[in-house]
Amino acid sequence: MEVEVLLFGAAATRENSGRVTVVVGAEPTVRDVLAALHEQHPDLRFALPSAETGRLAVNQSFARGEHPIRPGDEVALITLVGGG
Amino acid sequence: MEVEVLLFGAAATRENSGRVTVVVGAEPTVRDVLAALHEQHPDLRFALPSAETGRLAVNQSFARGEHPIRPGDEVALITLVGGG
Amino acid sequence: MAPPRSPSVVVSRVIDGPVTPKVEQDTLLGRGWKPARDASGSPAGVVGAVLRFEGIVRRGERSEAHGGEERDLLALDYQTYDPMAERELHSLAGKIADQHGLSSLVTLHSRGRVAVGEVSFVLIVESPHRAEALAAMSQFIDRLKQDVPIWKKPVWR
Amino acid sequence: MAPPRSPSVVVSRVIDGPVTPKVEQDTLLGRGWKPARDASGSPAGVVGAVLRFEGIVRRGERSEAHGGEERDLLALDYQTYDPMAERELHSLAGKIADQHGLSSLVTLHSRGRVAVGEVSFVLIVESPHRAEALAAMSQFIDRLKQDVPIWKKPVWR
């Protein structure tokens, strides 16, 4: 299936877009989406040097590893933040 | 000679006075006055458990060990302070 | 036996633009928060330490595009992932307040453009003693920079 | 090459009675000090972090005369050794400001009676970055409690 991933900050600037799409197998997990982002969008590697270092929010909450991604979920890549 | 020592805080409360007098030899030092305070004013020992733990100000500046005390100097015992 | 501890008062909000004194005052009044110094606030005598932190946009910022050299800014644009940013800010505030037994914690963070010299972040911590207030403040800021989805984009002069 | 660092602005004073907002404002205005947030203060964009600490008299204080039990206070009486207290306060302020490269440091401390819920101590630290501000604040308070000849006497309820 295809998963759309929201981008912010420097990641969005680098992709020149607030979202990218990745292609993953059926019943993907957070881990699968991070691996696909790393693999299919080399421009994001400055912020995602390996799939293991990435962090996703699913439906606006941090989610890890085996957390499933379902059709219609809002998925966002949370690269290094910079508030304060 | 006699040296008058100003007291503050709990030390003044305990002595019921803002000053005590100690008797010391000629040309006394800070060390001598602290030893005399400890020896001659047992009520101050709660704040001056030994002469070495005491701290004096001479003419409103902290002074240590061999610093001489001269007639007319303003001498004060600076026990545990509590600002802030 | 120690008296039961009152729950912490927590106020958190994402503000559009800089955190001006007026915006801050209006927000806090709106949430019914008053500083401990005002007798009308929390019961007088509980709070012994009030710490306040303001983050201000500095003129010089390192530019990645210029080999990390410091260049002059006009402003920072803060991008927030809404409403997650405000929810994470609030959840962090509650956790830190609880963990350190704070009397209250207030945190305001800007979204959008904040010019050089303007305030983009305010944190107020009230607690019985100073040590918890300082620890809570350091920890809050560290975790804010890890977990709250807010990004800043430099606007170069 | 780093630009030469401006000297720190230091304001320190012993205040008779509580440090009310009015007394604080009058003192700071009198010394020509303005917060970094006001563009008219230090050159905009140098200060990135402003920390403020307020010490407030708490209701409960341990009583030595009652086996260290906490008892209710009416007020604290702050006794200062004058003028040494103010001089030590100022000298400490200068040392800490210099050591941490602060933009400014303001410190006000009460002398005499301060009632429960009133402010007896204010410390404001302004610096380019947050880390120095936090370190300077902790260190200032620790050394104040060691070296500035101010004593407090409880006034029991």
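Per-chain numbering from 1; labels A, B, C and D assigned in written order.
Everything below uses one rule, namely that a contact is a pair of C-beta atoms (placed from the backbone, for glycine too) under 8 Å apart; a residue touches a chain by one contact, two chains touch by 3 or more.
Treat the numbers as computed from the prediction; the structure is a model and nothing was measured.
Hopping across touching chains, the smallest step count from chain B to chain C is 2. Each chain gets a centre from the mean of its Cα atoms; for chain B and chain D, those two points are 28 Å apart.
Averaged Cα coordinates give chain A a centre that lies 47 Å from the centre of chain D. Distance between chain centres (mean CA atoms), chain C to chain D: 22 Å.
In chain D, the residues that reach two or more other chains under the touch definition are 55, 130, 141.
For chain A, the set of residues that touch two or more other chains comprises 84.
Taken together, the chains touch in the following pairs: A-C, B-D, C-D. The touching residues of chain C, counted against chain D in their complex, run 21, 36-37, 39, 44-60, 73, 116-119, 128, 130, 133-134, 137-138, 141. On chain A, the positions that touch chain C within their shared complex are 6, 8-10, 12-13, 57, 60-62, 76, 78-79, 81-84. The touching residues of chain C, counted against chain A in their complex, run 55, 64, 78-79, 81, 83-85, 87, 109, 121, 141, 144-153.
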